[in-house]
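Presented sequentially are two complexes of chain A, the first with chain B as partner and the second with chain C.
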Partner chain A sequence: MLTVEGLSVRAEDLELVREVSFGIGPGERVGLIGESGSGKSLTALALMGLLPDGVTASGTARLGDRDLVGVPERRLKDLRGRTVSMVFQEPMTALNPLMRVGAQVAEVMTLHGVAKGRARERAAELLGRVRLPDPERIARSYPHQLSGGQRQRVMLAIALANEPDLLICDEPTTALDVTVQKQMLELIAEVAPALLFITHDLAVVASLCERVLVMYGGRVVESGPLREVFKHPRHRYTEGLLAASRLPPRGTRLATIPGAVPAAGRFPGGCVFRDRCAHATETCETAPDLTGPEEPTGPEEPTGPAELTGPEPRGDGHAFACWHPRG
Partner chain B sequence: MPSPAGTPEADPVRAPAGGPAREPLIEARDLTRVYRRPRTSLTRPGEAVHALKGVSLTVHRGERFGIVGESGSGKSTLLRLLCALDRPTSGSVTFAGREVAGLPERSLRFLRRSLQIVFQDPMSSLDPRMRVRDLVAEPLVALGEPVGGRVAELLDAVGLPASAADRYPHQFSGGQRQRIAIARALAPRPEVLVADEPVSALDVSVRGQILNLLADLADELGLTLVFVSHDLAVVRHLCESVAVVHDGLIVETGPVDDVWEAPGHPYTRALLAAVPTLEGLL
Partner chain C sequence: MIVYLLKRLAVLLASVAAAGVAVFAFMAVLPGDPAEIALGVNATPEAVAELRARFGTDRPPAAQFLDWFGGLAHGDFGTSYVTSSPIGPQIAERLGVTTVLVLGGMVVALIVAVPAGTFAAVHHRDPLGAAISAVSQVGIAIPAFLAGILLVFVFAVKAQALPSGGYVPIADDPAEWLRSLLLPWLSLGLVQGAVLTRYVRSAVLDVMREDYLRTARAKGRGRMGALWRHGLRNASIPVVTVLGLQLATLLIGAVVVERVFVIPGLGDLLLNGVAGRDLLLVQGVVMVLVAAVLLINFVVDVCYAVLDPRLRGAR
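What follows is the complex of A and B.
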């Protein structure tokens, strides 16, 4: 349904996201994980056509028969919020503090041609669908009168208002308490038509998604079915992330990845992870392609990294870009 | 154990295995704190918010004590009272036997020297216009102590190069900034290090580095650690004892392994069930 091929994001001479390719099938829930600065959010913003000024995307992204990248703003306005919509991390900055919640939900529908009265009715319906108690009262409230979890539910109602084909969530539960996060994740799993879920929290992805893409340094370094990738990670970065996510009982040292994520443009050439990797050798000065588990083929592979999912986006391929994979 | 109150004699669970019972260092008794909402009517006072409703706890010397709770539970209010950054409405806080609740700042110098705090967000707790050298030395200057070679020593202890001293906080990553905040807190050689969600803003690969550093420093320097977090898994990794705060009360307290294995209070059980884990799903 969503097919992304060779998506790159550039700011002047900096390549922030490089040749990202993946697909999402109808009803499928895909996680996009990585640390801050790995290019996750830029990938999502590129799909939404919301990149900041001076930052441009190239490559192709098709949702059904519609292009999402390289399309004029006039066309994007029509797609955004209707075909693909997004829930952001911080609901307090994403909601308008001076507007009642019901009106904000209705607005996204009137913008896409729904009559005002009908939009108002639907708004209350949607607030009920995201399981807000007493939706009529919530619709008349202002954002500051709601809790963080309630605001995030309002954001979800707005995102679902026009029944989009794809929902993108960018760290929607990071600011929430764990008990509220759990309810929110269950709700997202229930209502999302097809989902791209961005997070740095591996456990959250594990509880929600079927497939996972691991990003580092603006590239997808590993991808595949969630269980497969988390049980048998091949890329050394994925291995490190998983090890660092486990919190053993007291007295055991925590596994860590040495160093920190470099600033944009400071990643090494070749394999982007090699300056933090214990297994790096001279070979790693050449960028490895994203390849399947059979035989890691060299960079001479003519089709390039775009072959991750190929023409069949639901393929079960476990792919990774590493010269010295684990296992 | 419904209440954390009690002397170490009456509470043998807290004694480390094979060692003598440790002496209490920080003791809170029946702490309450009532805030007033801003007035919304001319004739009536603002609504009262009972942030803490009678909390007692004991932190022993050398102990690693975790405080767990969600936003609005009262854990930050409790922390502020333990550090004498706020005054309780009623109740007492003693540090090494000396009352600290309600004292004026000039009488709290002993506490400021003995107890230091690391906050959640090192970007807002470090002055962006001060060099790291001055940031780390500031607590010593404030206490009128010689700085000498202490800055280099501290930077080394937290794993930063000596060259870091000449740079500004914005030139460091989040994890490195938290190391600077820890070095600064350790400057006056405190007995107690209070850490308020010190790893919540960090990436997972860096979180481990900071937790390992805190554990190492606590061992090497014999620090008493008070660690506040919303994440019981992080507390289990670092601490020996835990108090679970909910709705202004400590609902459960005890050795962290016991609370983790067999949570007694329904709220603790709900909290544990809500934490997403990798182990359970794979």
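What follows is the complex of A and C.
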């Protein structure tokens, strides 16, 4: 349903996201994980056509038969909020403080051709559907009268209003309390159509998604079914990420990935992770391809020596871009 | 909302009272006895004492104050020591002229600043947006009276299209009234408009960076549609603050502009009063100006409550 091929995002001469390719089937829930600064949010914003001024996307992204990248704003407007919706990270600032909540929910429907009265009725229904208590009252409230969790539910109601084919969530629970976070995730799991869920919280992905994409340095370094990637990570970055998220036995040190994510444009050439990787060798100065069925099928062979491209993909969609994979 | 308004109203009344005390006290400590001024240097002490008794200036200050301030409540500003005519009607007539002058200037400023500032914000990366900022910067540096003189030179002296000064009451001839006010409005409004343009620009720029504008675009609004529907009202809150301050500035600026264009407004009356040592007249005009500024602040507070629901519930 969603097919992304060779998506790159640039700001002037900096390449912030490079050649990202993936697909999401109807009803499929895909997690996009990685540390801050790995290009997750930019990837999502590029799909929505909401990149900040001066940042541009190239490549192709198709949702059904509609192009999402390189299309004039005029044509994208029609898709946003109707075919593809997005819930943002910060619920406290995402709603207009001067407008009643119900009107903000109804707006997304009237923008896409629903009559005013009908949209107002539906708004209250939707607020009930995202389990807000007393939806009629919430609809008449202003955002400052609601809690962060309630506001994020309102955002979800807005996103779901026109029954989109794809929902993109960019760390929607990061700013919420843990208990509220859990309810929110359950709700998303229940109501989401196809889902692209961005987070750095691996536990969240594990509870919600069927497939994961691991991003680092603006590239997808590993992708595959959730269980496969989490049980048998192949890329050394994924391995480090998983190790860091596990609680170690009492008395031992927390596992970390050495170093820090470099600033945009400061990633090393070749494998972007090689300056933080304990397994890096000279080979890693050449960029490894993402091998596996997810790779856009082309005639070119992997560039490295055959024994370094790892074993043949298993046919389950597990792909990785590493010269020295684990296992 | 009601509680908020009542509280603001109480603050307004209290500050007007405090201002009354301050204005009266300042005038009282100024040297110069009205009776001595009226009678000149050769007056006998008896004549001065008699006149003092007639003016009521021989009474204790507190009694004089209560008499004066109590009179204000029903529009009685007292009787001039110099001209022996009641002050209230004079002030009322002049206040009307000044109000029209100041509000007209503000309208000109808004007509200039809102489109120019919004355009400069939306196009802040383009040369044209930067050019608007630069022009408004120049405008800030020009005082209103200089703008007035320049406008007179261009439109009255060179083009002979508009009168260079004077004022025609609207009741006499509406068309001439408009023509006589056009240049004063422009000289007040263009300068304030330049200042306001910068505030509008920065308010719109701030709003453009807000998350809710991105939300609006994610709903399917275009850039301009999102700004129009969700941005302008939010941006108007800081602009209203500046507008209130500017109205106060305009009121004071009107004193000068009335001089340049020979308009019989409050400023003109104030200057006449000072020149004629008409203490009670000066006291009355200053009180009216101070009260007007306080009233503007009250109106600004009311505007906040109308614009921003967050202010309505609390405080």
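One rule holds for everything that comes next: the second predicted complex is superposed on the first by the 303 of 327 C-alpha atoms of A that agree within 3 Å, B and C clash if a C-alpha of one lies under 4 Å from a C-alpha of the other, contacts with A are read in each partner's own complex, and residues count from 1 in each chain.
We adopt the following convention: a contact is a pair of C-beta atoms (placed from the backbone, for glycine too) under 8 Å apart; a residue touches a chain by one contact, two chains touch by 3 or more.
As the structure is a prediction and not an experimental result, all values here were calculated from the model.
With both complexes brought onto chain A, simultaneous placement of chain B and chain C is permitted, the two fitting side by side without a clash. Using the contact criterion defined above for the overlaid structures, shared-chain residue A:254 touches chain B, although it does not reach chain C. Here the vertex is the CA centre of chain A, and the angle it makes with the centres of chain B and chain C is 70 degrees, a multiple of 10.
In the superposition on chain A, A:73 contacts chain C only, with no contact to chain B.
By the touch criterion stated above, A:242 is placed in contact with chain B alone, chain C being left untouched.
Look at A:96: by the touch rule set out above, it reaches chain C but stays clear of chain B. Shared-chain residue A:108: touches chain C; no touch with chain B. In the superposed model, A:177 makes contact with chain B only, not with chain C.
Taking every C-alpha atom of chain B against every C-alpha atom of chain C, the smallest gap after superposition is 5 Å.
Common to the chain B and chain C interfaces on chain A is no residue.
Of all residues in chain A, those touching chain B in their complex are 35-36, 148, 177-179, 181-182, 185, 200-204, 206-207, 227, 230-231, 240-242, 244-250, 252-257, 260-261. Across the complex, chain C is touched by residues 48, 50, 53-54, 73-74, 77-82, 85-86, 88, 90, 93-99, 107-108, 111-112, 142, 144-145, 155, 158 of chain A. Across the interface of their complex, chain A is touched by residues 70-71, 173-176, 203-209, 211-212, 215, 230-231, 233-234, 236-240, 256-257, 270-271, 273-279, 281-282 of chain B.
Residues 125, 210-212, 214-223, 229-230, 233-234, 307-310, 313 of chain C are the ones that touch chain A when the two sit in their complex.
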